[in-house]
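Handing you a structure now.
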Amino acid sequence: MKRASYVDLGFACVDTDRQRRRGFPEVVLCQNKTPRQIVAIARVLLKDKEAPLLLTRLSPAAFRRVGRRVRGIVYDKRAGLAFCRRPKRLKDAGVLVMTAGTSDIPVAEEAVATLALSGFSATRLYDVGVAGVHRVLDKKALLKKARVVIVVAGMEGALASLVSGLVACPVIAVPTSCGYGASFEGLAALLTMLNSCSPGIAVVNIDNGFGAGYLAGSMLRVAY
Amino acid sequence: MKRASYVDLGFACVDTDRQRRRGFPEVVLCQNKTPRQIVAIARVLLKDKEAPLLLTRLSPAAFRRVGRRVRGIVYDKRAGLAFCRRPKRLKDAGVLVMTAGTSDIPVAEEAVATLALSGFSATRLYDVGVAGVHRVLDKKALLKKARVVIVVAGMEGALASLVSGLVACPVIAVPTSCGYGASFEGLAALLTMLNSCSPGIAVVNIDNGFGAGYLAGSMLRVAY
Amino acid sequence: MKRASYVDLGFACVDTDRQRRRGFPEVVLCQNKTPRQIVAIARVLLKDKEAPLLLTRLSPAAFRRVGRRVRGIVYDKRAGLAFCRRPKRLKDAGVLVMTAGTSDIPVAEEAVATLALSGFSATRLYDVGVAGVHRVLDKKALLKKARVVIVVAGMEGALASLVSGLVACPVIAVPTSCGYGASFEGLAALLTMLNSCSPGIAVVNIDNGFGAGYLAGSMLRVAY
Amino acid sequence: MKRASYVDLGFACVDTDRQRRRGFPEVVLCQNKTPRQIVAIARVLLKDKEAPLLLTRLSPAAFRRVGRRVRGIVYDKRAGLAFCRRPKRLKDAGVLVMTAGTSDIPVAEEAVATLALSGFSATRLYDVGVAGVHRVLDKKALLKKARVVIVVAGMEGALASLVSGLVACPVIAVPTSCGYGASFEGLAALLTMLNSCSPGIAVVNIDNGFGAGYLAGSMLRVAY
Amino acid sequence: MKRASYVDLGFACVDTDRQRRRGFPEVVLCQNKTPRQIVAIARVLLKDKEAPLLLTRLSPAAFRRVGRRVRGIVYDKRAGLAFCRRPKRLKDAGVLVMTAGTSDIPVAEEAVATLALSGFSATRLYDVGVAGVHRVLDKKALLKKARVVIVVAGMEGALASLVSGLVACPVIAVPTSCGYGASFEGLAALLTMLNSCSPGIAVVNIDNGFGAGYLAGSMLRVAY
Amino acid sequence: MKRASYVDLGFACVDTDRQRRRGFPEVVLCQNKTPRQIVAIARVLLKDKEAPLLLTRLSPAAFRRVGRRVRGIVYDKRAGLAFCRRPKRLKDAGVLVMTAGTSDIPVAEEAVATLALSGFSATRLYDVGVAGVHRVLDKKALLKKARVVIVVAGMEGALASLVSGLVACPVIAVPTSCGYGASFEGLAALLTMLNSCSPGIAVVNIDNGFGAGYLAGSMLRVAY
Amino acid sequence: MKRASYVDLGFACVDTDRQRRRGFPEVVLCQNKTPRQIVAIARVLLKDKEAPLLLTRLSPAAFRRVGRRVRGIVYDKRAGLAFCRRPKRLKDAGVLVMTAGTSDIPVAEEAVATLALSGFSATRLYDVGVAGVHRVLDKKALLKKARVVIVVAGMEGALASLVSGLVACPVIAVPTSCGYGASFEGLAALLTMLNSCSPGIAVVNIDNGFGAGYLAGSMLRVAY
Amino acid sequence: MKRASYVDLGFACVDTDRQRRRGFPEVVLCQNKTPRQIVAIARVLLKDKEAPLLLTRLSPAAFRRVGRRVRGIVYDKRAGLAFCRRPKRLKDAGVLVMTAGTSDIPVAEEAVATLALSGFSATRLYDVGVAGVHRVLDKKALLKKARVVIVVAGMEGALASLVSGLVACPVIAVPTSCGYGASFEGLAALLTMLNSCSPGIAVVNIDNGFGAGYLAGSMLRVAY
């Protein structure tokens, strides 16, 4: 690890070594950062001409201020993020992204967009919660072909257990804060996923679609 | 409500009016009671010649001391309870009692035994958790015929959601304390059941098989 | 279960089989959905000419945008929901809906409206919490006639235990988030209802009036 | 406050000023203390010839070792405590001690014994939980006469709210750890009592019968 | 208890018997009620010509709409409540109301106003938290004279323990939601007060100044 | 999915289809099962001549009773489990299993043994917590070669974040219940791992070494 | 302690003795105080001509009203606080203030500003979280020279453990509410810091930069 | 940091560099370790002839097996730990160790013993909780001289706030699990200490006397 592998901006110590070390550059979590800070960090990261740029949890209002100062940046409204240099061709590595409900879609899209930055495409299967299990069972062929499945679910989050019982590949489970009352902002879904009776589930933080996409990408980097 | 509708033993104020009022006599929760107290309460309750007697959460050791002093009492080892005057003929009212795992069976048996005291039989379907969903789907005919389903599940408790999505009748969900780690002694399953994306689920306390059987009985009393 | 029993809109996989399977069609939880999504789902559901339509947790603002695009839709302001095709004649099946306080009424009305969509009327008994127990005791005749009681209560939620001790029929208990401080947004009432010393209580999620109405409807479908 | 108003034993700094300051001497919570420590502290306290001595949470085994070394000490098995110099004549100041169930009695007896050391007698009314509300309503005359009511209840603890709604005097509520599952060792009853819709309830710690008796005594000291 | 002891307004079942039964009329918690509902309830309560009226948690905005429709009503801005018919002469019964900080004052004022409706005055001692213990010790004479002390404290709430150790009379402890981080909206102060090493503390709900005032009033009614 | 793909023993519905569906047979969680039940389930599973057998959370005492009735079974004392038919040759697929402390080793060994049943070997790196970070940094070559890293850590669980920042491959994090006080039986480590500032971490349940090994195996099955 | 060592303003009892007793004057936590109250307290405190003044958690809006009425006051926007009479020359006592991320900087600045009021300067090292550990390791010389390190971190808060393992001096750890989902507003970071496997960490409340700066100052007062 | 600065025993990677880096050698937490493991680790650590050895949370039973195999080891029964090479002469650096109650003493003794290994003596002041505040106020001279105070307290833990308000030096607060009911095994005291209205408190984990002693030692190493 050589000395100069980060750039200190005072308010941020940008880790310019991450692409080399981890296969993916530092990603900027924009919540609680000012547009000015975001732009400065983005510019440092873009100096590495090979790496993509990913700015997560960026509101449309913040993008309006950031976007005009970062060349080539694109905003993904459904996922609430912006990026540069997405690979032109995405590999189909058998990633399936499922949601239990319609409200879980923004989190799922964050995963899809993160995967795309890693070079992988994803198949979407949205709103197929266990209340109508035939919607999942109807897609057994898709499940069988999958090499990684990402399940995004709020409320009680039972979809992760169901899907895990049907596939041989790893299942990444993302609890969401969708729900009310005793869902306690995603805690119920989180506990469901951690305690699944069906093994082979990798749990990430509540609403952490980015983390799920990143994890899927790292699994596929190992395999490809 | 007439004055004499309870018997005060000092340490217990036995509600002898309950059979009339609620259609089921007072039930004795034996944990934290001495055998001597249990016997005294049981004797008061047995004075009502029409009503059954139910002693829940009675350990084998306590039963050894209680049993010889209460005539006609029977111990149900799987359910950890004792009773007198179970109806000779049980009505088949379409009750289905399911468990997600083998460890949930004692709680399920508590429900079955409580139902029997109410005069209803139950069909058992044990160890059919969502990790192998074909075990449930294979029983669709049974599910379709059910008029009440009791689902007993620990860990993440996802079976309740799945079953609820397949039936028209009410589902009574009993979370159990089976599991470890972040199941937090049944809390995970409880939250799952309360937050189910599939409506029509009646939740009772953790490990409360008795409450589930009682609730099913009260539903059936309405219907029959 | 035949293949075509759902309609995939991309953002929603509408379960058009539910009326057949469960006796009640899919219900749309509108929170976190856009008016555009709500309208699209509603139109799919309305293709089944026999089934009612229920849109819950729909704000007046959202209704203003949804209402003009769905023919025959009616908004229930007290319950915060909209519906189509409510049965013209409601059966009086002995449902009693009680609240502990005035603030619990919106949740109770959600239950009443859901029941109406199932074809059942309800008797309301509001603001009869245990702080003045004579208000409940004065209604013993009503309680005695009930075939299902729904108790809606926030703060400490003690009304459910009291009522349960007075009736033979099932009691559905709905904790509400009314209260402050250590009510922890409905947690106190939820725990009260789960731990009731009086058996025969079916608990649903905090503020889940819809779930209570649905559960009551499914109990009555069994009986009628 | 004069210098010498405590005695330092190294492992305990006995507050010999408390009788003067608070009207009741220091009480020894025996859990986690060795018999040797208990005896040494008791002997310091007994030097004040006017004050009673109270040793709470003292197991029978520990009492066997402590008892023979403290002259005139008496063990109260039901309450799990020991004392010296209880007033010979107890005043009837209208204290009513109620429990919801039989299992709550040891906590109630701790309150009764503490009150007795303060010079007040108590009327006991045990096992009158809300599952059979007529048991309480039948005692309205007793309730009306009360100047302080102590309500001891586990599970959902609803009795405190009910009683509070019937009396003009203060109600001291003691949640107990009796119950199972989502009672979370007394938390459910504690939250119930804190959130009561009926005002005028003084809550103490879970299983803290001593605290309830002490508080009742201090209220009565004000009044008498 | 005679039949007509409440008035049913449909949305509220006003308990007109409470003054007789409890010595204080029903109090209206205004949060979550519409001005229209508040006015209607107030008018029913004011029909009892003897009793005062208390409307708690009433915002200035709501008072502007309620005030002009209820004759003789007065708004107490510091306490966030309104009332009618406060006794002209308040008895000095030795009530001391203390706060740990300046931010706790609104809760304390709610207690003071409630006491005034009961006919008792209070001495205020504000912002005397344990960080500067000499402020409390300087007031020993006041503490000694007190017959009831109300301690209102947020953050860690340690003032209740300190004061309790200095007085013979009951201490009513009100945790407040003042604080940040791990105070968890008053939970830290609540736990402190429940676990005080100093006995004789009556705890009420977080921010429940009304409850504290009511409880103090009921203690004094016993004594006077 | 053909009908006969499970065997119903009454107390267990053994999922004999799992090897085909998921690439790994049903695993028996032995806690809360009787030796008799374990043996019966094991015999059903062993009928599939191709599949290995894994019995987790099996105490030495239970193994003494199970072992003599299941031919060829081997007990792994460090991991607290038993198995049959472990592949003779294990592939080195670059799995690194690390623990933060010595007390975490049993959980790590459960992961290693599960992996071995899947046909993969693992490199162990134990007791390299962040308190002495040079122990990890010294192994950078090992980390670089890894294709999956399993990090097992109790207390604050910070090792997962550190390791994740150094590797490109997925990190599976297992919180353990090692620790005391505010570790709350593994909750602290669990939250740490879920909230890691370093992406690419797959979290499993507290003490769930089996789940980690299974998940690693499923990742490798995808890759190989 | 002399009588007059505080000034009672009615709404605040200003502790004018604190500088003498503790070496630092009373600090005003402005949240929940009106500008008028803040000014009045500030004026009392400024009467002590020797002591600095510190007003924490003061919003820019509130400062606009406070600032013009307190002579010589300065606003620190990054730290959200105002002060008077900061020492002109700050001693370099080897304080190092580190943050894990950019979002943690406001909390860190609160610590830096508090230290400055105590007369000590600090070295800042921001955004050096464990996701890129080389950023910390690159600063070993700085760490070695430090006499106190303040580590400010949200999310999982692992930086405190890492730094503690590298230094001989005390580490003050400040969890922040930065993060989302299962960070539970700083709880995850708080638990991490309390459970650190590396000893020598002093934890303060979530987001309590002031407390950290104060604690560092008190450590240095001992040493200097 | 040179390569060989740890010794890998397979089950433990002993950090032999810690004395150099941190000024105190690695300490062995014995809970969950076998006597054989403890002995092996101890022998590695003892090879550094300059450093002391500390084995914490070592039961008397485990010491009987460890003690005879480690030369010169001494057991401290009150603190539940063992050590070698304690400095012969301890410096009096003004450390004061206080407990609120008698039950907190073992935790305090763990702190005292740890300090002794660092070369510092401590003054003990035990059982001086806030219920009798004169016991603390009587020791103002001692408090004034202190350079570090360690406050050990269970139940509500208020002593830390009180003491902090009286001293200029840092206060290290150790919550203990002493208490019952809503103390939740030390959680109440922990929250109290984190939320103290009096700044300058360094909190460590529940029952972590070792951590407090270590932290005090590191503060003093800075100063001396």
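Annotations for the structure displayed:
In order of appearance the chains are A, B, C, D, E, F, G and H, and numbering begins at 1 in each one.
Going forward, a residue touches a chain if its C-beta (ideal position, glycine included) is under 8 Å from a C-beta of that chain, and two chains touch if they have at least 3 such contacts.
Because the structure is predicted, anything quoted here is derived from the model rather than measured.
Fewest steps needed to get from subunit G to subunit H, stepping only to touching chains, is 1. Among the remaining chains, those touching subunit B as well as subunit F are A.
Least-squares overlay of CA atoms from subunit A onto subunit F yields a rotation of 180° to the nearest 5. Note on G-H: its contact pairs, compared by residue number with those of B-F, A-F or A-C, agree for more than half at A-F.
Counting every residue number used by either copy at the subunit B-subunit D contact, under half are found in both chains. When chain centres are defined as mean Cα coordinates, D lies farthest from subunit A.
Distance between chain centres (mean CA atoms), subunit C to subunit E: 35 Å.
The mean-CA centres of subunit B and subunit H are about 50 angstrom from one another, to the nearest whole unit. Subunit D and subunit G have Cα centroids separated by 44 Å. With touch defined as above, residues shared between interfaces to two or more other chains in subunit B number as follows: 101, 131-132, 137, 165-166, 181-183, 187, 190, 194-195, 205-206. Contacting chain pairs (ordered by label): A-B, A-C, A-F, A-G, B-C, B-D, B-F, C-D, C-E, D-E, D-H, E-G, E-H, F-G, F-H, G-H. Across the complex, subunit E meets subunit G through its residues 101-103, 105, 124, 126-128, 131-132, 134-135, 137-138, 178, 180-183.
Those residues of subunit B lying in contact with subunit A across their complex are 100-101, 129-133, 137, 155-158, 161-162, 164-166, 179, 181-184, 187-189, 191-198.
Touching subunit C in their complex are the following residues of subunit E: 1, 3, 5-6, 10-15, 17-18, 26, 29, 31-33, 37, 41, 175, 177, 186-187, 190, 205-208. Chain contact summary for the complex, subunit E toward subunit D: residues 21-24, 27, 147-148, 165-170, 172, 190, 194-195, 199-206, 210-211, 214-215, 218-219, 221-223.
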